[in-house]
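In what follows, structures are represented as C-alpha cells.
You will see chain A twice below: alongside chain B first, and alongside chain C after that.
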Partner chain A sequence: MSGAGCGKEYGKFVKKSVPFFGWGVLCGLWVTLKNFITSYFRKPDEGGIFTVQYPEECLPDFEASRNFPFLVYDETPEKPRCVACGICERECPVKCIHVLMAKDENGKPLRRPAAFDIDYSLCMNCGNCEEVCPFNSIFMDHEHKIAAYDRKDLMRPMQKLLKSNSYFHSIRPRDAEAIDRAIKEAAEKKKAAVPAKPAPSPEAPKS
Partner chain B sequence: MVSLFREKTQRADGQVLEINFGPQHPSTHGVFRLHTLVDGETIREVKPVMGYLHRNQEQISENLTYTGFIGFTDRMDYINAIPNNFSFVLAAEKLAGIEVPERADHIRIIMAELARIVNHMAVVGFLLNDLGAAFTPLLYAFRERELILDIFEDLTGSRMMCNYFRIGGVKSDLSEQHLATIKKMAARLPKFLDEFETLLTNNEILCMRCQNTGILSPETAVNSGITGPALRASGVNYDIRKTDRYSLYGRFDFKVPLGKTGDVYDRYYVRILEIRESLNILRQAVAALPRGEFINKKTAAFIRSPRNFKPPVGEAYARTESPKGELGFYILSDGTPQPWRCHARAPSLINLSALETMCVGQKIADMMIILGSIDIVLGETDR
Partner chain C sequence: MIFDPVFIRLKALFLDLCARFFPEWVVMLASIVISAVVILVMGPVIMMYLTLLERKLLGRIQNRYGPNRVGIWGLLQPVADGIKMFIKEDIVPAHADKIIHLLAPVVTVVPSLMVFLVVPFGNGMTAVNLNIGILYFVAISSITTIPIFMGSWASRNKFSVLGGMRAAAQMISYEAPMTLAIVPVIMASQTLATATIVESQGGGFGMNWFIFTPWGLLGFIIYFFCAIAECNRPPFDLPEAESELIAGFHTEYSGMKFALFYMAEYMNAFTLSAIAVTLFLGGWQGPFLPSWIWFFGKTFLLVCVMIWFRGTFLRFRVDHLMGFAWKFLLPLSLINILIAGLWFLTPAIAAWALTAGLVVASFFVFVKLNKTFVPEKRTYVLAD
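Our next item is the complex of A and B:
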C-alpha cells in the first residue's frame, strides 16, 4: 500500500505512518465510539448532539431569516402602507407579485392597492421586494409552515398578506424599530417642510 | 431507445452490457445519467447524459437586472451559493469599473471561505456515502456544516440561497456578534478536522478503495480543462486565488495543497487540506477586517433601484476559484439594465469531461466514487 499522495510539496500535513495494518480502522472505530458515548451527556458546544425534535420543538428564528413576503399595515388593515407603486412587481425576479392600484369613480388613482396578490408557489425567497420597496411596506416573514393540499392555497390575496406592525415588531424587533424611526423622521421632515412651502424661500433666487 | 453504442453492442461477443446509471440514482448527486458499457464488471465506456435539470438560467438573466440575477446565481451551485454570487458580482463590477471598499472585500472573502469549507465537507461526506460508509462521516461533516449555515442565516437571511453580494459590496454589515461566532467556528473546526481525519485518512478500507482508483494524469487534466481540487490532486499547481489574486487574496498567506498521483484518495485528501487552508485565510481575514463601508457609496443606491445600474457597452469576464473549480461569468452589456448575454463557465460541467478517461478500465463499483470525487453539482452542470 502506498502512502498518501499529498504532502510532497506540502510538508506540514504528511500522512503519519501506521503501526500495523488495521490501525486506521481501529482509530476510526474509537472515534465513532467516543462520539456515541459523549453524545449522551456532553453539551452541544463540546461535541454533544444538537438535534431538535422538530415538530414538537423548534429552534428560535434568526431575526434576519426570510421566507415569504407580507404587507405591513399601521393601524387597521384598511390602511396599508403600500401605495401600489408597483416597484416590487417590476423588480421581482420571478414575477410572483401582482399589484392593482385602486381608483375612484373618476378614474383618479387613490395611492392604495385594490388588489395585491403574491403567488407563494413561485416566490423564490430572494428578498429583493423588501430591498426595493420605497415605502417600507413589504417585508419577509418568518412563517414557514405554509404547506397546502392545493396549489391555489398558495396564492395569497391582500387580506391574507396584510399583517400588523406589531407582528413585524414581534418577529424582527431590530429592523422594525429602525424602520419606525426612519418613517418618523421622514414625517417630521415633511411637517417641517410644509409651512416653508407657501412663503417664497429666501435662498431660492437663481439667476 | 436509440443506443449510443449501437455499433459496439452489435459487434460485441455477448459479454458487453449496457447500463443506465441514473437519472434517478442516489449516487449521481442529482438528476444525471451515466450511459455505461460494461464488460463483466470492467467499464468499457461512459457517456454522461445531462440536461435533466436545465433551467435556462443564462436566458433568464437577459430579462433581469444585474441585482435581480444575483439571486439566480445562488441556484446554480446550490451547495455553496456564495462563490457564485462572488463571480457574477466581480464580472459586473469589472464591466462597470466599480471599486469595492476594503471592508466589503474582507467580508466577501470570509463568506467565500466559509462556503468553501461547507462545500468540501459536503463533498467528502457524500464521497464516503458513495463508498458505502453510509452516513456516519456525512453526518459528522453535516454537524459542523449546520453551524456554518447558521452563520449564513444570521447574516444573510437564508441558509443556502444567500443572495448576499451586491454590486459594489455586500447586502448587510458583519456585526461584532457575527464575528464572534465566526471566530468560535474557526477555533472549533481544526479539532473537528483532526477527529474527522482520524476517522478517515488512515482507514485501510478507504485507502484500498480509493488509492490508485480513477487516476487522472496531469496532462489529461490540463488538456480537458479541469480546474479546482480535481486538478490540484493531479499535482498541477493552479489556484486562481494565487494566479489572479482577485479581490484581496494577494494579501493573505496560504498554501496550495497538491496531490501526487491524482487518484480518488488524493482528491479526498486535497479537500481536507484545503479546509485547513481556508481556515487559515479565514483567521487572517477576520483579524484584518477593517472598519468602513460595507458597500460602495455610489452603488448602494442600486440596491433600492436596480434599474439604474446600467454598465457601459462592453464585455467582461471574471473568474473565481469556486470550491469546484474555475467559475467564471462572461457578461456582454448593451448599456441597458439587463445583460445582453451572460454565460457561466461552470466547473462542474467541464470537470465531467474527463470522467470517461478516469473510469475506463475500472470496476463499475468504482465509477460512483470517481464521480463523487470530481465533485459535481447538477444545478451548475445543467444551469
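Our next item is the complex of A and C:
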C-alpha cells in the first residue's frame, strides 16, 4: 500500500542523481512530510490512516467468522430445534456442553432439552458441535463482546443460548438459507414416503 | 500593537497594586517571584504538551492517529501520563550509588530551567536581560552532560555507562561547532545579550533576520544540527539508543525520576529551538502580529522540524557521529566566521556574491574532503 509506494518513490529520487551531499536526506524528509499531509485527507485504502477506532467502530462482520455456539429455535423459544440427543455433548473436545433430556411424569423422554448449558469460559470455538448436530440446532455465533467480571457469568443456560432463526439469518444469511432448504426438502421427502415413524430421521442432510 | 505588551502590563498592574499596600522590598520580591513562577510553570507545561505534539505528529507521519482517547484530541493525555509516572514504583538498583542516583535527575532539570531565564519571549519579555546572555546559555546548556553522566555512572549498569560515555563524547563534540556557529551572530550584533541580539535583527518590517544572509543560513544549519545532538534527540539519540543500549543512561530509572529526565530532554529541545530563533530567526521580530506570537510560532515550528527529523531519520553510527562533528561541522563553522567577517568588510552586492559563493564552495570542499575511502573491489583470478 502506501509503504510500498513511498519506497518506490524514494528509490526513484535517489537513483536519478545525487546532486549534492545530503540529497538523500532531503528526499527522506519530503517523503515523510508528504505522508504527514496526506494522512489528513486520504482514505484508508489510498494510503491514509487505516486505524479502526475500535469501541466506536468495528471492522465489517463477515459471514464465515465464528466464535461461540448458540441454539436456534423456529417459532418460539419453547420449541427449540434441539432434541437433546446429546451428540454435541459427547463430541465437544473440552466437554463444556451439558444437555439434560426433559421427561414427562411417567419418566418417558420428551425429545427436548430440560437443561442445556454451555460454559463459554471453556469453549474453544472449535465448531465441532455445529458440525456434528444432526438436527441443525446448534450454530456458531458472531457475538464477541462477552467479557465478564466473574467466571460464573460465562456459564450460559438455555434461555440465554436460544436465539431465533431470523437472527441466524441476519448473521449468516447464506448458511441459514441452505439449512432451511435442507430441512424443507427432508420434510417433503418424509411426507412423500409414508412415514413409519413420526420422528425425523437422525441422518437428515446437513446442507 | 495593543496586545504586544499585554503580559508586561499585567505584571506592572499587579506590582502597582502591591506597592499600594506593601513596602518596597515586598514589591521587588513579588516581581522576582512572578517571573520565577511563570518560568517554573511554563517549563513543565511546555514539556507535557511537547510530548503530546510529538506523539501526534509522529503518528501522522506513520499513518496513525496518535493519542486521542484522554480528552478531546488526547489533550489530557500528558496529565494521565503524569499521574501514571507519579504512582509508579521507584526502583533503585541494589548496588547503585543511591545519593547520586537520586541527584542526577534533579540536577538535569535545573540547567534546562535556568536557560529559560535569558530567552526573550517577546518585546521586553526577557526574565533577566543578562549582558552575557549567550555566554550564559552556552555555559549552562553544556552542564547537562554532567547529570547524564552522574545518572549513568551511579546506576551501575553497563548499558547505562555506555550511554553516559556516549553522551559525554557526543555533547562535548557538538558543543564546539555550536559555540562557533554562534560567533558570527555576536559579530553582527556586537553584543552578547539575547534581547539586544533580537533588536539588532529588526528593520525592514522586522524581517531583517540573520538567516537571510549566507553566513546566517549556514550558521543556522550548523547550530540546529548541534542543538539536536545536544538534547539527544534522534537522529543523534545515541546515549539512549533503545535498540542497542535498552534505554542508555536512564535504563535504571523509573517513575518520577525517569520523568524528570524526559522533562529535561523536552525542555532542552524547546530552549535550544528558542535560542536558535533568537539568534538566527529574528526572535520576536516580525510584522503585524504581537511579538510573543511570533516568538512562540517560530519556536514551535523549529520543534516540529525536530520531530519531523525524528520521524524520518535513522540513528547515526558512533564514528559517523563524531566524524560529522569534528570533520565537517567544526571546519564549516570556522570558515563561517571568516565569511561573516568578509560580509561586513565588502560593500553590499559584492558581499552577497562573495559570501554565497564561499559558503557553497566550502560546503562542497568539505564534502569532498570527507569522502570515505572505498577500496576498489578486488577480483581473484583462480588458476584453472
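Operating definition for what follows: the second predicted complex is superposed on the first by the 145 of 207 C-alpha atoms of A that agree within 3 Å, B and C clash if a C-alpha of one lies under 4 Å from a C-alpha of the other, contacts with A are read in each partner's own complex, and residues count from 1 in each chain.
Throughout what follows, contacts are C-beta pairs under 8 Å (C-beta built on N, C-alpha and C of every residue); 3 or more make two chains touch, one makes a residue touch a chain.
Keep in mind it's a predicted model, so treat the numbers as computed, not measured.
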item	value
Partner chain(s) touched by A:91 [first = chain B, second = chain C, both, neither]	first
Partner contacting more residues of chain A (chain B vs chain C)	B
Partner chain(s) touched by A:35 [first = chain B, second = chain C, both, neither]	both
Which of chain B and chain C A:101 touches, first, second, both or neither	neither
Partner chain in contact with A:132 - chain B first, chain C second, else both or neither	first
Which of chain B and chain C A:65 touches, first, second, both or neither	first
Partner chain(s) touched by A:124 [first = chain B, second = chain C, both, neither]	first
Chain B versus chain C as contact partner of A:140, first or second or both or neither	first
Which superposed partner A:25 touches (first chain B, second chain C, both, neither)	both
Overlap of chain C and chain B interfaces on chain A (superposed complexes)	2, 21, 25, 28, 31-32, 35, 50
Partner chain C, residues of chain A touching it in the complex	2, 20-21, 25, 28-29, 31-33, 35-36, 39-40, 47-51, 53
Parts of chain B lying in touch with chain A, wherever the complex brings them together	64-65, 67-69, 71-72, 75, 136, 140, 143, 146, 150, 153-158, 161, 163, 171-172, 195, 198-208, 211-212, 233, 237, 255, 257-263, 265-266, 269-270, 273, 276, 303-307
Interfacial residue positions of chain A with respect to chain B in the complex	1-2, 4-10, 12-13, 15-16, 18, 21-25, 27-28, 30-32, 35, 50, 62, 64-66, 90-91, 93, 124-128, 131-132, 134, 140
Interfacial residue positions of chain C with respect to chain A in the complex	57, 60-65, 308-309, 311-313, 363-364, 367
